[in-house]
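Structures incoming, each one as C-alpha cells.
In what follows, chain A forms one complex with chain B and a second complex with chain C.
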Partner chain A sequence: MNGEELTEQETALYDRQIRVWGADAQRRLSKSHILVYGMKGTIAEFCKNIVLAGVGSLTLVDDRDVSEEALSANFLIPPDESVCRGKTLAELCCDSLREFNPMVRVSVEKGDLASLGAEFFDKFDVVVISCCSLATKKLINEKCRKLSKRVSFYTVDCRDCCGEIFVDLQKYNYAKKKTDGTAECELQYPSFQEAISVPWKSLRPKVSKLYFAMRVIERFEEAEKRKPREISIEDLPAVLKLKKELCEEQSLNESHIPDTLLERLVMGAKEFPPVCAIIGGTLGQEVIKAISSKGDPLKNFFFFDATDGKGMIEDISNPNLLS
Partner chain B sequence: MGVSCGKQGKLTITDDDVIEKSNLSRQFLFRDWNIGQAKSTVAASAAALINPHLRIEALQNRVGSQTENVFDDTFWENLTAVVNALDNVNARLYVDQRCLYFQKPLLESGTLGAKCNTQMVIPHLTENYGASRDPPEKQAPMCTVHSFPHNIDHCLTWARSEFEGLVEKTPAEVNAYLSNPVEYINAMNKAGDAQSRDTLEHVLECLEKEKCDTFQDCITWARLRFEDYFADRVKQLIFTFPEEASTSTGAPFWSAPKRFPHPLQFSVVDPSHLNFVMAASILRAETFGISVPEWVKHPKTMAEAVGKVIVPEFQPREDVKIETDEKATTLSSASVDDAAVINELIRKLEQCRKKLPPGFRMMPIQFEKDDDTNYHMDLIAGLANMRARNYSIPEVDKLKAKFIAGRIIPAIATSTAMATGLVCLELYKVLDGGHKVEDYRNTFANLALPLFSMAEPVPPKVIKHQDLSWTVWDRWILKNNPTLKELLQWLKYKGLDAYSISHGSCLLYNSMFPRHRDRMDRKVVDLVREVAKVELPAYRHHFDVVVACEDDEGNDVDIPPVSIYFS
Partner chain C sequence: MAESTVHQSRSRDLDKLLLRPGNLVAPTFEPGAQLRDDLQEYARILVVGAGGLGCELLKDLALSGFKNLEVIDMDRIEVTNLNRQFLFRLEDVGKPKAEVAARRVMERVSEYDSDDKPIEETVKPMVDGGTEGFKGHARVIIPGSTPCFECTIWLFPPQVKFPLCTLAETPRTAAHCIEYAHLIKWDEVHSGKTFDPDDPEHMKWVYTEAVKRAELFGIQGVTYSLTQGVVKNIIPAIASTNAIVSAACTLETLKLVSGCSKTLSNYLTYNGVEGLHIKVTEFVKDKDCLVCGPGVLLELDTSVTLQKFIDMLEEHPKLLLSKASVRHQATNLYMQAPQVLEEMTRSNLNLPLFELMGKVPRDIVHVTGTTSRDGKKASCLRKLCLVFKGADAVTDQDMAVGA
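For the complex of A and B:
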C-alpha cells in the first residue's frame, strides 16, 4: 500500500465499491488502522465488512475462549472443535478474516484493553468496542480523546434482537454534499460520558426507549460489579427496582422504559445473526464514512429493534455541555 | 440461523454465473482461487463449512420459462419459501409470477450502492411484487443517439452499439453467411427489407472493400472509420442541416437540447486520436485473426503507420435522408428497390466468397468490460469521447465510461449485509407462520445519509361477488379429474353461471354451441388434449382454465383462474 495510486490489483478488486465512494476514499481506507475489541457476532459482521472494504490494518482484542454462545452468531469461528482448541476468540477470528482480503493486515493484540496506554491507541484511526462495561467505555473513550490526533470512537452492543451504536467523532470536519456542489461542515460530538449525562427529561418525547433501557442495564451491571452480560432472569426484580430509582432521579415517566423491554435485554445473551448483519452493516458504513471523510456521519446514537423493525437515529447531546 | 439444517430441510440455490475478481469485495464466500468457478457450487461449499449441518443443493440454471423442466411443479410445490437475490427486474417478475401461482412466500430485496430495500410478498396477505412497478427507464430516442446527442450517455450508448456492430455482429453475420450460404441468402431474400439490405452491405464490406489481410490494412480501416464517424458524417449532417437551418414551423433547427456539431481534424499528434486508431485497428485485426505487431503500442511508430493512410476527400451529398423524428424506432430507411439492391449485393457476395481461402472465417469479439488489457473499453471510450468532442460535450475517463457502457451496478458489502439481515428477520416470521400483515416489514435504507425507513406491506386488491371475495392470490382449485359437467356444477354452487371456458387461446366450451353439450360427460383434461390439442408434459399434474361467468342478474364476474388437477 505504498505510493499514492491504487494498484492494479486494488482497482480490479475494489471496482464496484470505488464506483460508490470514489478512488480517493478507497486510498484513504487503505491507509487506515482500526482497533476492535469484543469479538461477538455483530463485531464479526463489522470486521468482515471493513476487511472486504480494504482498510489498511485491523487489530483484534479478545482473550476469551470459544463458547457455545460465540458459535451461535459468529460465523468467523470454525465449527471444528479441534481447530478451536487453545486459541482465543481474537485469534480464531483473525485467521478467518485474513482470508477475506489478503491485502489487509489483520492481527491480534493480547491483554486487557483498559490497561493499555496512550502510545498504543495512538496507532489507530478508529476504535470500536463491544461487550464493555460502562467504566471501560468511558475510559477508552477518554484515552482516545486525550490523543493529539483525532480518533473516531464507537461502541456497539446487541442484546436479544436489538442493538445500539454510539458514535464519537469529536470535532469532525467534512465536505457535505449539497444539491449544487459541496459545503464545508463541522460537527461537534459529545463524549460517551457527556452524552449519557444529558438529563433524560430534556430529550425529545419520542426518543427510543432502547436508549433508556440500555442505560439501566449498564448501570445495573456496574453497580453489581458484573462483567458485561453477566446478568440473568433472577436479576430482573433488582433491575426493575433500579429503573424506578433512575426514573425518579431523572423525573422521567416510567412508561418510557417498558418492563418487557428490560426483561428481553436481561434474558438476551445470545445474538441473532440477522440483527448482527444489520447493525454490523450500519457500523461498517459509518466507519468507512469517517475514514474517507465522505458522507454524512451518524450523530450520535443508532438503535434497532427487530420486534418493531425500526432503525432510529438519536442525537443525544447537550450544546451547553460541549467544550 | 440454522435454516435448512434439519433432516427434512433443504436449501436449493441456483445461479448460472461464474466468479470474477470484482465479486470478491462483497461476496465473501468466494476466495481469489475460486475465480472462474461456478458461484452456486462454491457458495454451497463455503456455507457448509460455516455450518456442516446445512443441507444444500447448488444448481447452475437460470430461473425462467426455459427451465420449467428443472424447476417443475413438484419443485415449486415442495418449497416453503423463496428468497430472491436477482439483478434484474424481468427475472424478479418471473419468480413473482411463479410464487403467485404456487402460493409461496417471496422475500425480495435489492441494493444499489449504499441503498437497499426489501419487500415481502406473502400469499393472501400482501400485494405481489408485480402489482406496483417503477416506471420504465426512459431510453433516448434513436435519432438522438444517432445524430443529435446532447450528453455523454447518448455518446456512450452510441459507442457501445457501434462497438458491438463492428466487432461482434458483423463478423458473426459474415460467418453465418460463409457457413451456410444458400440458407443465408434465402433468408435475406425472404425478408427483403431495409434491415437485410444494410446487413448485407456490411457483410460485403468485410469481404470486399474493407477486407483486412495485413495489420496495415487494419490501420487503414481504423483511420477511415475515424474519418467517417467524426468528420464525414458530421460534415454531411451540417450540410443537410446548416447552422441557420429552421424546422417546418420556422423555429431554429439547432435549438436546445440539440447541439451543433463540428467535424474533427485528425492529427497523429493528438493522443486521443491516435489511441482511437490503435484500439480500433487492434480489435479489427483480432476479428480477422491477424497478429498485432509490438510497434503498435509505441506512439511514434504507430503515428508513422497511420500517416501512410490515404484518406479520400469527402463531399457531402444533397440526397441524404437523416432521421429527425423522435418516435422513429429504426434507422434503416426502406426504399422501393430494396429487393433489387439485395439481389445485386448477393451477386457480389457470391463472387467474393469464391475468391476466399477455404474455411475462411472471422472471429467475432464479445464485449468483456472487466479485462483492462483487451482494448474493448479503450475503443468504446474512444468512440464516445470523440463523438462528445464533435458535439462539445464534456468527455469522460475510462472508469466512468466503463460504468455507463458496462451498465455496472455499484455495490458494497455493508448495504448487502443490511439487506440480507432484514430479509432474514422476515424469514423468521415466514417460517414461524401465522403472522398478520402488520407483523411484516418492507424496508428502505440508505447508509450514506444515513436513512432508515420501514413500513408494513400493502394488502392485495380484493374483488367481491355475493359473499365471495378473492385477490390475485386466489386460484380456484378443483381436484379429482372432474368432467365438464362437474366443473359447471361446482361453479353453479358458487352462484356463478359459466358460459365460456377456455384453455390458453382455445375454447373448450361455450353455452352458445349445441354441439358442446356432447362434452358434458367428458373429462376436462381430455378436452384439453383433444380439442385444444395440448400435450401436457409428464411433470404436469394440473392445467388452468379461464372461465367467463355471469351472476344471477346476468352481470359478468371476473373470477380467478381455475386449476384443474387430473392426477
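For the complex of A and C:
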C-alpha cells in the first residue's frame, strides 16, 4: 500500500477489478485521499463502493446524531440502539466501513466543514458533499479551486425517487485510448457558481426538467434560511410562486418545471434506498475514473428518475464565462 | 424509542409510494396501510445467487421493506469475492455464501415473522440482472405480457469456443495456448485425473505448459492471470456496476409487488465504459418463441395415428420437418434416436395421437427433426398447438400412455 507495487494481498483481493481497469489504476486508487460530508443513504452507498475499490483513505464529516429517518436508508448504521448512543453519524458509519476493507484508512473529522481552512482541504484529492445548502456548495467548491493542486469536487443529492450529481474537475487532462494509439484529452469544467449562472434560456430545449426543479428548491431553502431538506408540503404554494418568478426572470416557459415534479421534491425530503444505490454507484464510478485518469468523466450534471428509469447527462457550461 | 415508532418512521419513505394514489400506478393498485403491511408480511422474494448482485439485492430489498427473503447459492466464499460482495469478510472465506449472506442481512434488519402465509399467485414475475465490468442490464419478465427469457436469448453474446484444430495445430493467441494445455495436454499427461480449476497446482501446471507452447509458436501474452481467466471463464467485476444494476432490479421488484408505479418496460442496459449510458428498450414477444409463443396451429382428426402425424409434418408448408421426434409434456411419444429409445417408443406409432395425449381436445407438443433451409439441412425444435376436431368436452383420463 505504501510502496510502488501492489502487495500480494492487494493483488488477490482486487483481482476481479484489476481485470477491469488494470494494475496501474489500482495503484493510483490506493494512494488517493477522499473527503466526504453528509452521511445520508446515497453517501453511504458511495463510501461502500470506494472503500471496496481500495482507495488510500476516506475521511468522514458529519456531527449529527442518529435519527429515525437516517436508519431507513443508511445501511451502515447498526440497528442496535445501545451501540448508537453517544456516537455521531460519521463515527457509526466509520466503524462499519472499516469492516468492508481493512486496507483502507477510514477516519472521522469533527467540526463545521465550512469553517475549515485551505490547509485542511489540501490533504485531499477528491471532495464529495451532500445535504448542503446552496451557499455551502459554492463555498466548499471555491476552497477547492483556490488550492494550488487540482482537487476534484462533487455534490450529490437525492430527493423522493430521483437524484442529481454535479462534477467539477477544473482543468482535467487524461489519455484516451483510440484505435490508433492514445490521444491526450483536456476538459474545462465550470465551477458550481458558474454552471448555475448559465442563463436557462440558452440551454438545449430538452434539458432535464430535474435541473430546473432542483435549482428552484435550492433557492427556496436559501431564501427562507432553511437547513437543507427542511421543507414540507406546506411550503408548496411558496415554492410554486418562486418557480413562476424565476421562470419570468430567466424568460423560460413554465412548462419546463412541472408542478408535479416540484411537489414530489418538496414532499420527498427523505431518500429512497434503491435510488441511493444507483446514484451512489454512479458517483463511485465517476470518482474512480477521476482518480485513475481512465475513462471519459461525466461532464457536468447527472440526473436520474426512478419513475421512468432514465439517467441523463447534461453539460451545463458556457464557454464564454470560463477564464 | 418505542419499537412501533421505529417501524413507523422506518417505512416513512415507502409510505409515500404505497399510501397515496398516483398517475403512474398499475390498474390493480390499492393504496393503503394494508398494502404496505402485506408487502412486508406476505410477499416472498427468492434471490438466486448470493454473489455480486445477490449481496446488493439482499441489502436493497431488506431496506425497501421486504421481510421474507430467501437466497440460494451453491458456492463458497473466496478472497477474490471481497472486492464487491460486501456482506462477506476475510474470516468468512471458505464458508457457504448463502448462509453468511442471510446471517449478515438478519443482523442488520429487525424481527423476522416466521408465520408467513403466501398469497397464491398464478403469475410469478421475474426480475433479471447481470453485469460484466462496466456494463450491465436489468429487465422485467411478466409471463404473458413481456418477452420471456427464451424470446430474448439471442441477446446473449455467443460463447467463446475455439475449434479443436486451432488448438491442436495452429494456435495464434495466448488463449489458444492456454486452452491447449487445459483441454488437450492435461488428459494426455494425467489421463483419468480430473482437472480442478480451484487447485493451484493444477493451474500452475496448465500455465507452465501454456508458456512452453507459446514459446514454440512465438506467441506473446501468456500470464498466470490470463490462464486463470481463460480456464475459469472469469468475468471482471466491480462493486459500483453491481450496485447500480441490483438497485434497478430492487426498484422493479418493489413496483411489481406493490403496483405503486409503472414498471420498467422492459429491458434496461447500463454502459459505463465511455462516459455513462443508460437506455430502456421495449422488446416485444417473439411470436415464434418455443416457450411463450402460441406454437404452430394444427387441426387433427381424433383417428390420426402418431405415424401419420409424423408423416404430415414433412408435408406441412410451415414446418417441412422430416424424421420428427415428438414430445408431449414430460413424455417422449416417439424418438428417432438413440436406438434403445426408438425401440421403446416404436409401439406408439400405430396408436391414435389423441389417445396418446390423454384425449384432451387441445394441447402443446414439441417436435424435433431436420428442415431444409437454402439447400442446407439443419436440426430444429418447434412448438405445436394441436387441436382435435370433434373431440368431446369431457376428457377421458383413464388412458395408458406408451413409454
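In the analysis below, the second predicted complex is superposed on the first by the 323 of 323 C-alpha atoms of A that agree within 3 Å, B and C clash if a C-alpha of one lies under 4 Å from a C-alpha of the other, contacts with A are read in each partner's own complex, and residues count from 1 in each chain.
In this section, contacts are C-beta pairs under 8 Å (C-beta built on N, C-alpha and C of every residue); 3 or more make two chains touch, one makes a residue touch a chain.
As the structure is a prediction and not an experimental result, all values here were calculated from the model.
Partners chain B and chain C clash in the overlay (superposition on chain A). Of the two partner chains placed by the overlay, neither chain B nor chain C lies in contact with A:Pro258.
Legend: residue contacts after superposition of the two complexes on their common chain; A:Gly56 is shown touching neither chain B nor chain C. Residue contacts after overlaying the shared chain place A:Arg16 against chain B and chain C alike. With both structures placed on the common chain, the touch criterion links A:Pro78 to chain B and to chain C.
In the superposition on chain A, contact of A:Glu8 is made with chain B only, not with chain C. Shared-chain residue A:Leu298: touches chain B and chain C both.
Of the two partner chains, chain B and chain C are each touched by A:Ile288. Clashing C-alpha atoms with chain C after superposition occur in a single stretch of chain B, namely 405-413 (options considered: 63-71, 333-341 or 405-413). Residue overlap on chain A between its contacts with chain B in one complex and with chain C in the other: 12-17, 19-21, 45, 48-49, 52-54, 75, 78-79, 99-102, 161, 272-278, 280-282, 284-285, 288, 295-296, 298, 302, 306, 309-311, 313.
Contact residues on chain C toward chain A in their complex (touch as defined above): 1, 5-6, 9-13, 16-17, 23-24, 56, 59-60, 63-64, 79-80, 82-84, 86, 89-90, 108-110, 133-134, 225, 229, 234-244, 246-248, 250-251, 254, 261-262, 264, 268, 272-276, 278, 280.
Listing the residues of chain A that touch chain C in their complex gives 12-17, 19-21, 45, 48-49, 52-54, 68-69, 71-73, 75, 78-79, 81, 99-102, 160-161, 260, 267-268, 270-278, 280-282, 284-285, 288, 295-298, 302, 306-311, 313. The touching residues of chain B, counted against chain A in their complex, run 1, 21-22, 24-26, 28, 31-32, 49-52, 113-114, 370, 372, 399, 403, 408-418, 420-425, 427-428, 441, 443, 445, 447-450, 452, 454. Interface residues of chain A, counted against chain B in their complex, comprise 8, 12-21, 23, 45, 48-49, 52-54, 75, 78-79, 99-102, 161, 272-278, 280-282, 284-286, 288-289, 295-296, 298, 302, 306, 309-313.
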